[in-house]
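To keep things simple, chains are lettered A, B, C and D as they appear, and every chain counts its residues starting from 1.
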Amino acid sequence: MSEVSSAALERARRVRLMIFDVDGVLTDGRLWYGPAGETLKAFHTLDGHGIRMLAQSGVLPAILSGRRSQAVAQRAAELGIGHVLQGIDDKRSAYAALLAQLGLQAEATGYVGDDVVDLPVLTRCGFACAPREAPPAVRQRVHYVCESPAGAGAVREICELLMRAQGSLEAALARYLA
Amino acid sequence: MSEVSSAALERARRVRLMIFDVDGVLTDGRLWYGPAGETLKAFHTLDGHGIRMLAQSGVLPAILSGRRSQAVAQRAAELGIGHVLQGIDDKRSAYAALLAQLGLQAEATGYVGDDVVDLPVLTRCGFACAPREAPPAVRQRVHYVCESPAGAGAVREICELLMRAQGSLEAALARYLA
Amino acid sequence: MSEVSSAALERARRVRLMIFDVDGVLTDGRLWYGPAGETLKAFHTLDGHGIRMLAQSGVLPAILSGRRSQAVAQRAAELGIGHVLQGIDDKRSAYAALLAQLGLQAEATGYVGDDVVDLPVLTRCGFACAPREAPPAVRQRVHYVCESPAGAGAVREICELLMRAQGSLEAALARYLA
Amino acid sequence: MSEVSSAALERARRVRLMIFDVDGVLTDGRLWYGPAGETLKAFHTLDGHGIRMLAQSGVLPAILSGRRSQAVAQRAAELGIGHVLQGIDDKRSAYAALLAQLGLQAEATGYVGDDVVDLPVLTRCGFACAPREAPPAVRQRVHYVCESPAGAGAVREICELLMRAQGSLEAALARYLA
């Protein structure tokens, strides 16, 4: 995260709502199927605590996913994520509706997505991020590409970047060093 | 994918039917066993969307697997893959029958396989591909070896290569940038 | 493990109680969710045998985890770990209580943790360790950072380091070479 | 596999019985626990076909494991492995009994193991192998260390090495190229 451009940090500074894709972002992109279809999702402990700290710092976390699973609902509830949009075919419309609902401008929102279906939101939000595993067509169109792997640190990296940009990271850390 | 030879691109250009092996191609080759035998398959979101885009571009996707599982049937149905051949001991005969059924010549077909049992099809189809994890005896006999890992991008890489060779990749991408 | 500092070895030499975090230490940090919440944990055979050998050498192993799962209870029972503290929000207090119960000073205890919530224990125990995957804020504050991956050798590495520091590794090995 | 020493190849040439450990050899060492204990094993398709080819070439495969699971029994049955010794605390005795039963000398047997509990067999069999992930104390005492990862090619590599040493690899391959 050391080489974050000042332009990216400036964009991150303005984010009040950070939206996360699920497969390929909160997970490593693997879809686990059993005889009855998808059955498991693998989230990561470091990413989860990053989202918790980000929310405590005043940035609202949200989930926007093309798929739908009870595993995501369970994990989101555990992390206290209130805005969980699943089964969304048209991410652009869902994103626009969420902004209207919350009364936020695009520049106050960030999004992490890993595939071309995420481009309509990535090209509109204020701070667009992608995991390093995303195809070139996606990586070339975002403000920040993660160094840590998707599903294993990429989301934590973004949460810390946002907190660093907003000056809240040191305070969050100090709580554990008292 | 930048170093694709012109010979491989020319072969990819003629493909109308692209056939995918499952274990070691659409998955990373791990076979997950529980007390009653095989129980899970791990597919990848990027590979799935690659197959969807490939089909939309007019290339027919198919599955040809030596094993048989309900997980594959579920995933194939979700991706709209109509030709799903599972439990195939003799891949050469199944391949020949599929070509006859569809009225296609070998040069209009491609196949991705990871092991020596795939050689009878790999040495006959027009565009033979293997994951980088395949044994040398396989890698040495195909037209293209993937850079991305099996079960995590190898299939997406091949789908994009086919679309690039056929001039349909830019149009597919433009749909998400409108 | 070859480059262990003499200061770290001296700290390791005094450890009588070694405490292990679970997620991101005994596992690679992935949290496996099914429809009803967390459902699986992936431990590692090399780590387990390391804990067994460490216990045989006279160092007491313990578990201290923020989460709670039956999988951890099962694995701990199998490894003969008697002190298993799960569902602990306040790790500092639980650590202090365990020391009081066992009549041990902080310098006779070690801890392996992977996140900022572990800092209150890491900054108090005699021998603080972190996996290489831990965030910088954690890695910078421990006496030893593992070379092997979390959930796949990191714990084994620490067990062997402790035994080497205490002069018990050769005897443990000799048992298998008789 | 290119750098196999002539001494290792000579040892491999004499093997009539090849014995495989399970966890950390046929799997990557991860032990998957659910609420009721261990629940899954991840084998690999390339390793499985390697064992099949090895058996067809006339070398008898066997399994020798300290743990016990129905998943191993299922996989072994599928691969036609008749000698499956599970739940073995004393691997040295079980190994000796198997040799007596089959009327084989130690030099006609090989073993792949990943931990110190495997040393009593590794130091007695004719051809001792370890995965690259094994601890140094094991790697230093075997005739061959695999290049491919445990649970994802290590066993295939050994099967092909044996067949190459015994002159049966080309014939096995030719069957798929007819």
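Basically, a residue touches a chain if its C-beta (ideal position, glycine included) is under 8 Å from a C-beta of that chain, and two chains touch if they have at least 3 such contacts.
On a predicted model such as this, the values are computed, not experimentally measured, just so you know.
Counted as hops between touching chains, the shortest connection from chain B to chain C is 2.
Across the assembly, the mean Cα position most removed from that of chain C is the one of B.
Rounded to a whole number, the gap between the C-alpha centres of chain A and chain D is 43 angstrom.
The geometric centre of chain C is 31 Å away from that of chain D, both derived from CA atoms.
Within chain A, contacts with two or more other chains are made by residues 39-40. In terms of which chains touch, the assembly is arranged as a closed ring, every chain touching its two neighbours and no others. Every pair of chains that touch is listed here: A-B, A-C, B-D, C-D.
On the chain C side of its complex with chain A, the touching residues are 23-24, 28-40, 114-117, 119-120, 123, 133, 135, 137.
Put simply, chain D touches chain B in their complex at residues 39-46, 48-49, 53, 69-72, 74-75, 78, 151-153, 156, 160, 172-173, 176-177.
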